[in-house]
């Protein structure tokens, strides 16, 4: 085969290696390029694989709870919620009202903080270097609330099977309301900085289009499918933890490109603040933990519980063989499934867009690799 | 002393001193422009920036310089050694040579060449070669592609830059940099506000093209970190990288100085021909400015606990500010320094605007970047040239 | 028409510039200069472990029930005890806690029935050797003593 020089317009294979400022973790993407156009991509993952599902087979249900936070380490509270709900479904445990409302508040705060991190890093990849600092400042306030509640900022371990471990601290309601009041004008500030900015629009409109049929065939959920036009949110479709009692909208868009996903996530942040305000308003008193045995031993069976994590549908499938340790625990990570659609979105884009597209799917490698 | 004044070499002495001063001082000034950029970016990003080296991070450039000098000098094995060595030298050389024609003040400058503008544009064009050589000699596919993209961007933005320059030259009537400032003095206004405000268009076009010409955000895709095709300076480390860095900041300074000369009155004060404003603007304003900065330094060190050496430095700085303020108060010395003061003030305001742009805007993709240059800026600058020419002829003819 | 004027006069870009400009107020700076200003952590912060002692008699509160070791997901607590013949109770001899493998989940703190084992608010746990991470009873009772800087 004659030696091709790089000036020939043959296919060029470029490696966007595991160490890269924009791949949000250790993700390796092998790009097949024709000049500057992307012909195909291949993701090589597994650099952060820690065998979480195997670890689950050797820990009791209560012991495994802290490990779950480490998967999607950006939104640890959601992971904990999904796992606790799945285990409670398996063990048929009743959760008291107060625990459900506090869980909703913390999960929505978590959604805001996850979207803030997404916005900051996405803007940073596209070149705007200031929104990341503003977003992290807001995130700092949320993490302070988490720290005051459960003692840790990132790997919160906030929930337990059956309810909560800690009751809310003294100024919890005021802190949450103060945060919502302080935070909503900041979202307006981000919109002012980015939404109508012609450079931002030029970089994100029409990039990485994924329509509803493609979303369904790849199994992509979360803000990606909502931006494509389908109003699918597990909080409304299969409500859990009392979400049916709150009044909120599901933001959608039409085109399914990067700009629309940006708009959808910004609106989601606003809706989350709305839910938090309602939940804080109706916080009932009562027990924080349901009746669950000291040693949790569910009956033989299996249960699947999925929640609407900030990144998509996060599902836990637990098979119990009657002992204190699960027989098999399978996590359905939204980032992993959404990443499979990267190839479809990158066809025909330019190299500079690949970075924007990876950012817009909102992946966290801890979840992709587990 | 008489021998010095009468010797045939005397006319060469002030420019020689000026150029030696510039060559010696400019690395320091470039280092402080870097510190300014870091502090201003930090301010925009609600954080502090460098704070540890020296009071409020003031000695950070020295630490950076020492670090870059002490780094290991790595040359890729397959690189073309002489061109690898020569590329940053070429970039730095052309950037610093452009300083020779900058009208720093009416009394203090290196040379007043009667084709000054042409000289600067020529130097910036040759500077592009430094980039290309850097990418070529690195012997890496991606460095070469990055440097070629960078060079293509710079070459294509030179066209609107040139048209905007010509618009200002048309009104000034001369190519010499000092002559342009004198023309603004004669007309009594800074060119950006000339022609009933129509000159704002070429001024803005020049600003945008200048940002693109110096590879700054939002046009910095070729050298952005989050991109795949790495820039031309990937293989450079240590002092060679420092030279490229120096060249980049020197070219930013030159571009800002060019904009100030063409559109903002060079070393003239605001309202240059209004007589009664001379004392408040030429005496009052600089004295006030330096006294306020000096007081700010003093307040700064009382607000934090600092080790003794930092207190000494801030004290010395405050003292220097008061001395400079006193210098401006002396009527005999004022005319010699006031031109330089206004020029540097305006140039640094423009450097701040460049940093402000970097902090605010996302990056253009490469094809969008070229689209902005070719399909928007060139027609607008040509149109502005024609319209301004017609209006100028009409107003000056009648 | 309005859209055209907005795009000609670069209104969107100027709006963005104004947002970053007004965030330059020094009062908005959010940096905490560590180690000059140590952050105030919350009361429930799960930091360095500590074995509490009785304030008056300086005796350890730990009853050597081993519940914390059983609760730990990483099994990094080793509690050794001996039976005191006079009081017919177990007395704590040594308590080993491996902070290098600890994930600060708080399950041991939740499990302790007498509030002897507590995760405190210390977060500066750096050590120079790998063995320095394994804390014995004395280290657990004293706690880590990080260096304070002058400025």
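Read from first to last, the chains carry the letters A, B and C; within each, the first residue is number 1.
As a convention for this text, a contact is a pair of C-beta atoms (placed from the backbone, for glycine too) under 8 Å apart; a residue touches a chain by one contact, two chains touch by 3 or more.
Remember, it's a predicted structure, so these values are computed and weren't measured experimentally.
*Asks:* Going by average Cα coordinates, which chain is farthest removed from chain C?
*Replies:* B
*Asks:* Quick check on this structure: which chain has its C-alpha centroid closest to the centroid of all protein C-alpha atoms?
*Replies:* A
*Asks:* With contacts counted as defined, which of the two, B-C or A-B, has more C-beta pairs across the interface?
*Replies:* Comparing B-C with A-B, the pair joined by more C-beta contacts is A-B.
*Asks:* What's the distance between the Cα centroids of chain A and chain C, rounded to whole Å?
*Replies:* 26
*Asks:* Roughly how far is chain B from chain C, centre to centre by C-alpha average, rounded to an integer in Å?
*Replies:* 49
*Asks:* Between chain A and chain B, what is the gap in Å from one C-alpha centre to the other?
*Replies:* 45
*Asks:* What are the residues of chain B that contact at least two other chains?
*Replies:* In chain B, residues 44-47, 359-361 touch at least two other chains, as defined above.
*Asks:* So which bits of chain C are touching at least two other chains?
*Replies:* Residue numbers touching two or more other chains: 13, 16, 19-20, 23, 30.
*Asks:* Note the residues in chain A that touch 2 or more other chains, in rising order.
*Replies:* 130, 133-134, 137, 193-194, 197, 199
*Asks:* Which residues of chain C touch chain A in the complex?
*Replies:* Interface residues on chain C, with respect to chain A: 7, 12-13, 15-16, 19-20, 23, 30, 41-46, 71-73, 103-107, 110, 119.
*Asks:* If we count contacts the way the header does, which residues on chain A are in touch with chain B in the complex?
*Replies:* My answer: residues 6, 14, 16, 20-22, 31, 36, 123-130, 132-134, 137, 193-194, 197, 199-200, 202-203, 350-355.
*Asks:* Which part of chain C faces chain B closely enough to touch in the complex?
*Replies:* 13, 16-17, 19-21, 23-24, 28-31, 33, 150-151
*Asks:* Of all residues in chain B, which touch chain C in the complex?
*Replies:* Those in contact with chain C are residues 43-48, 51, 304-307, 356-357, 359-361.
*Asks:* Can you list the chain A residues touching chain C in their complex?
*Replies:* The contact residues of chain A facing chain C are 59, 62-67, 70, 130, 133-134, 137, 140, 144, 147-152, 155, 157, 165-166, 169, 189, 192-194, 196-199.
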